[in-house]
Structures are given as structure tokens and as C-alpha cells.
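Right, I'll just put the structure down here and ask away after.
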Amino acid sequence: MQFTIHFGQVVKYIPYLLGGAWLSFQIAFLAFCGGMVIGLAGAMAKTFGNRFLRGIVNAYVTFFTNTPQLVQIYFIFFGLPQFGLVLSPYEAVLVGMTINAGAYATEIQRAGFLSVHRSELEAAETVGMSLLQSVRYVILPHLAKVLYPPFSNLYIIMTLGTSMAAIFGVEELTGRSFNVNAMTFRSIEVFSITAGLYILVTIVASFVLLYLGQWLFRVKGKVF
Amino acid sequence: MWDSLLQEIPRFFTYYNGIFLLQAAWRTIALSAAGCVVGFAIGFFMAIIRITRERRLLAARVPSIGYVEFFRRVPFLVTLMFMFFTFQILKFQFSVFTVAMITVCLIASGFIAEIVRAGIESVHMTQWDAGEVLNFTLVQKLRLVIVPQAWKVILPPAFSFFISFIKDTALASQIGVIELTYAGKVFNNKGFSAILVFGTILIMYFVISYPLTRFGRWMESKLGVSKH
Amino acid sequence: MAYLSIENIFASYKDDKPVLTGVGFSVEKGEIASLIGPSGSGKSTLLRVLVGLTKPKSGRVLLDGVPISYANKKALREARDRFAIVFQQYNLFQNMTALRNVTIAPIKVKKRNPQEVEKEAIVLLEKVGLGEKLNSYPDELSGGQQQRVAIARALALKPDILLLDEVTSALDPELINEVLDTIRLLAREGMTMVIVSHEMAFVREVSSKVVFMDEGKVVEIGNPKEILDHPKTARAREFMAKILRH
């Protein structure tokens, strides 16, 4: 074997990589929020909308959950210009991830809506709550508890999903690791450090989400 | 624009392009399926190590947790690059398809290990005790009692993972594996309309994934009402 | 000399919290000893020690004068040839029929002849009143029926001592008696048993010795009349008062 491992050369790029991790976080966070908004609208449409509306939402969800996010972004980045809509790599990734997340969020939220049992609403009624009160004290807490775990999970998945932005030249964590690799040729070191950073970031995110969930919604769970 | 698109269609959907696309689709399916099958074997083994209380295997528990968490918490692309360059540096002469295949198997094993673990943990503790007091060995407990019961809990999420894994294999295109996404890039680079090309690729992924999704739902409903 | 002699058993949970702190009593052959006491007193843990599921920190268990070791795998296997246990619930292997549940251990572990084992199993299942349910799966059986199959399964290995750990506690009331009848039958046949139970009337009826445990210790031992009607120690009296109130 004629190679040696030299972490030293790569370690000095760690701040640079961390800057990329910050960008990854931004993308994931924005896309997640956007996705949740779409998801709420979609779930509402599916629960309360007419046949036509439900059909559209179904088609949207089915299509975007059965096709890869990468190809969706390729379509947006290379295809939309043909319609006259040119997006920067960052914008294309953001739009793509948001629309993709929206499809999954719709499903999660719809399942959440369906999980509210009639008996809970009846119980609220019998103790004399108004509609607004039963929404605030019964429905929303229940929904929060049911929706929190799958949404936390989706967030972690999306954080890892931001990695494909590198393919479009966006300089988030993976993108920057490509740059460092090109500069130092210390591939094993670069990518193992990058892997380590992703592991660190997701573990921290998992713990934060766990404690946030316990504090806000009394949702239990564990990381390992 | 639509006119030029319509004109492109016959130029795009030629016999040879079709064959090329089908071969690419085949590689996508092969990577996902083989990855999940091998991933299941490895993942199953990892899950057993993780939940077992046999003293001999305790030392292997932490590495097993580390292994599983690594492949679940590192993006596909990064793991792929790591494998690709490592093999290159170690001068293994693997084809990109082989590299992708190995990567895919390792990543799948991480996720499936967690699915198997949840399935095994769903079997009540007393079933383990009952086997223990009848003097079953670990293998007997697993084979005769635990796995037959865990199976129903493992299969739906495992199949669901398989379906989502098909989408993940799109990233293998980045090291040059000629699967569906790569085929899309090839045609896009050749100058075909991106809408046409990537639209077609999206539809092809859909055609592969959607029937499986429906089948998965059917299977879940069947498992739900089944007797043991 | 007693048939089963339990001497000064100390045992702890995984986190080193002590559960049994010097438990000892003896049981004659054909005798039925009932363990009673509040939750957490260590009754179930003692049964688990006897069958080798929980390792004792110190103390001795002697069967017919011979010490039982729980030190290694081989010793555990031998211990389980002498002691058989029935748990409170989830005894039966859900993926096997009643018959298979009973025959599986003799066939797969003892490596006995399958036809012989099956014949014996059928006799056992008929004895517990489930001759018609040989090919039923646990989810097709009531709780009481499942527990009876579990007893048959324990008997299939021809144990010296049968341990019953609150076997009726998880059952609906109307199903309790069929299980108690089975235990009565075994008592008449002279099976040596150690029973953990909350069914005080049954304990009084069937046991020859009652052991009251509290906080990991044996507090009082006596015959049913003594312990249940005239408990000598304050703790036993407290416990009996609580139990008998409803």
C-alpha cells in the first residue's frame, strides 16, 4: 500500500466545512418550513376539499413521493428555463426540496388529522367547550403530539438530503467537501471528516428535537 | 417551444435510446433490489448483535450501533464518494457499478438493521424467557419463536424502505453508474429538451415505484388481518 | 431432609438494586408452597432464580440434597430439567399451535422421538382439558386455555418442581377457575409446586405451606390457617388486612 493518511492537511479546512454545514442547515430549515406550509394546505384540501381538489393533491403527493428528489431538481434547474423561468442552483435546490417536502408533509399531516378520534371531540363537547376551545385545548395538542415524531424524522432526512445540492455547485457541506477534495486530494480524510460532521450535526439535531418535543409537547422518544 | 418539443419526441424515443433507457432502468432496479437483499442479510445480523443479551456478543454491540448509525446519518452522496475514492486510492480495480453496489448494500443494511431491531423488540420479552427456560439456544429462540413473530412487523417498513431506496440510487449517477438519472444527464447533455428528458426519467421512476407502492399497501392490509 | 431447600438467596437487578436479601424456606415432596406478599417483595424474582433466569448473588438451592448450580450454561440446562415455570402471560409461542407448543422443546431440545413426544403431549393436553384444541393457535384460545396449554408445556419436560408465577393474575375472572382446577388436579397427583398467587381462597385451599415475603425477605412462614387468619407479624397483618378488605 503506497498511501498515507494525513488528517493534518484537511483539519485546517474544518471551519470552511462548518460554514457549509450552516448553509446546509439554512436550506433544510427553509425547505422544511415551506414544506410544512404546503403540507398543511394539502392536508386541508384532502380532508375538506371537493373531489377535484382532492384529485390534484393526490396526484401531486403520489408523483413527488414516487420520484427521486435529485431528478425533480434536475427538471427544475434544466427544464424550467425552457419555460422562461431560470433559477440559480441554490434557488432550484430550495424550490425542489420544498415541493418534495410538501408532498411528504401532506401525507404526515393528513394521517395526523385522521388520528383525531371523534370521541375526543365529543368529550370536549360534553364538558362544554366551544369549537375554538376544543381546537385549542384538545385538537391542537393531540395533533402536535402525533405529528412531532414523523416531522422530526422528515427534518433529519431533509438535512441529509441537502447534500445533493453539491451536484449543482451549491457550497453547502458536501459541496465544500468536494472543493477541499479537489484542492488537497486527501479524499479519504476529507470525506471521513465530512461524514463525521454530518453524523455530529444529525445527532445534535436529534437530541435538540427530542428535548424540544419533551418540553413543548411531552412527546417521548430516544435517539439511540 | 411546445412545437419544438413535439418535434423532438420522435427523435428522442428511438429504438436505441429506448434500449439505453431500459438498460439504465434495469441498473436502477438491480442496485435497489440487490442492495436491499444483501442489506437485509447484513442488517439482520447487526440487529441481532444489538439486542442480544448473550455475553459473547456484548463486545460487538457498540461497533454494531456505530455501524448502523454511520450509514443512517451520513448522506448517500458522501458515503458514495468516500467509497469511490477509498477504493481508488487502495487501487482496487472495481467498476463504478460495483462500487455503487457495495455502497448501496452497506447503506441499506444500516437502515434495515433498525427496522429489524424494531420488529424483534415488538416481540414480548416473555417469549424470550419462555424459550430460555425450555433450554432453547439463541439460534433456536430466533428461528422458532422470535423471527416468525417479528416478521410481520418487519416486512411492511422493509418493503417501504426498498421503494424509497429506488429513489436514493439516483445518486449513484454521480460516480458514473449508467442508471436512470445518469441516462437523463446523458440525453440532456446531448441537447435534447430537458423537460422532455427529465420528464421521461421522472415518469420511468414513477412507473417502477408506484406499482410497488400499491403492492406494499396491499401487502400491509393482508398482514394486518392475518392469523399468525 | 426437605425435598427443595432454598437457603439464604441474595439477588439483585441489573442496576445492582437488591431484590432478594436472604430468602430461604423449604418444601417437601408433593407439597405446595404458596408465596404471598406485596408487589415488589421479590416473589417472582425468587421463581426466576430457581429456573435460572436471574443469577443469585449468593445462597444455595438444594434439590433432594443435591445443590443446584446456576453457574454456567450446562448447569442452567440441568437446573431447567428439574424446575419448570409458567409465567403470568405471553407464555405460549404465538406462531405455533397448542400441540406444537407442547412438543417443541422435547423434540428440538431434548431430541426425543417426535411420535412419542406427540403422544405424550396429546395426553397432557387432554389432562388439562384441551384435547379438542390441539391444532388451535394461541390467538384462537381464551386466556385461561392458553395458561392451561402453558402448564401442559411445562409438564412435558417432566420437571421435579412446577413453578407458577401469578398464572391467573392476567385473566378475566370467569377464566380463572379453569386454571385453578388444573392446578388442583396436579396437586391431587402429588406434583411439588411453588405458587405465587393473589388468590387467597385458592392459596388457603390448596397449599400446605404459605410463605409471606416483603421487601426481599421472608417475613413469616406457616400453614395457611396460621398465616392467612392469624398472622403473627405486623407486616403480615397489614398485608392481609389490605387484601381481605375487598
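We call the chains A, B and C, going by the order they appear; numbering starts again at 1 in every chain.
Quick note on the criterion: contacts are C-beta pairs under 8 Å (C-beta built on N, C-alpha and C of every residue); 3 or more make two chains touch, one makes a residue touch a chain.
Predicted model, so just to flag it, every value in this text is computed and none were measured.
If you draw each protein chain as a dot and join the dots that touch, you get a simple line with two loose ends. The central chain of the assembly on a C-alpha centroid basis is B.
No other pair of chains has as many C-beta pairs in contact as A-B.
Chain centres here are Cα means. That of chain A falls 20 Å from that of chain B.
Inter-chain spacing, taken between the CA centroids of chain A and chain C, is 53 Å. Work out the mean CA point of chain B and of chain C, and you get 47 Å between them.
Among the residues of chain B, none is found touching two or more other chains.
Taken together, the chain C residues at the contact with chain B in this complex read 51-53, 76-77, 80, 84-85, 87, 89-96, 104-105, 108-109, 137-140, 153, 157.
By the touch criterion given at the top, residues 1, 3, 62-63, 65-72, 74-75, 78-79, 81-83, 160-161, 163-164, 166-167, 174, 177-178, 181, 187-188, 191-192, 194-195, 198-199, 202-203, 224 of chain A touch chain B in their complex. Interface of chain B with chain A (complex): residues 1, 65, 69-70, 73-79, 81-82, 85-86, 88-90, 163, 166-168, 170-171, 173-174, 180-181, 184-185, 188, 193-195, 198-199, 201-202, 205-206, 209-210, 213. Every residue of chain B that touches chain C in the complex is listed here, in rising order: 124-127, 129-136, 140, 144-145, 148-149, 227-228.
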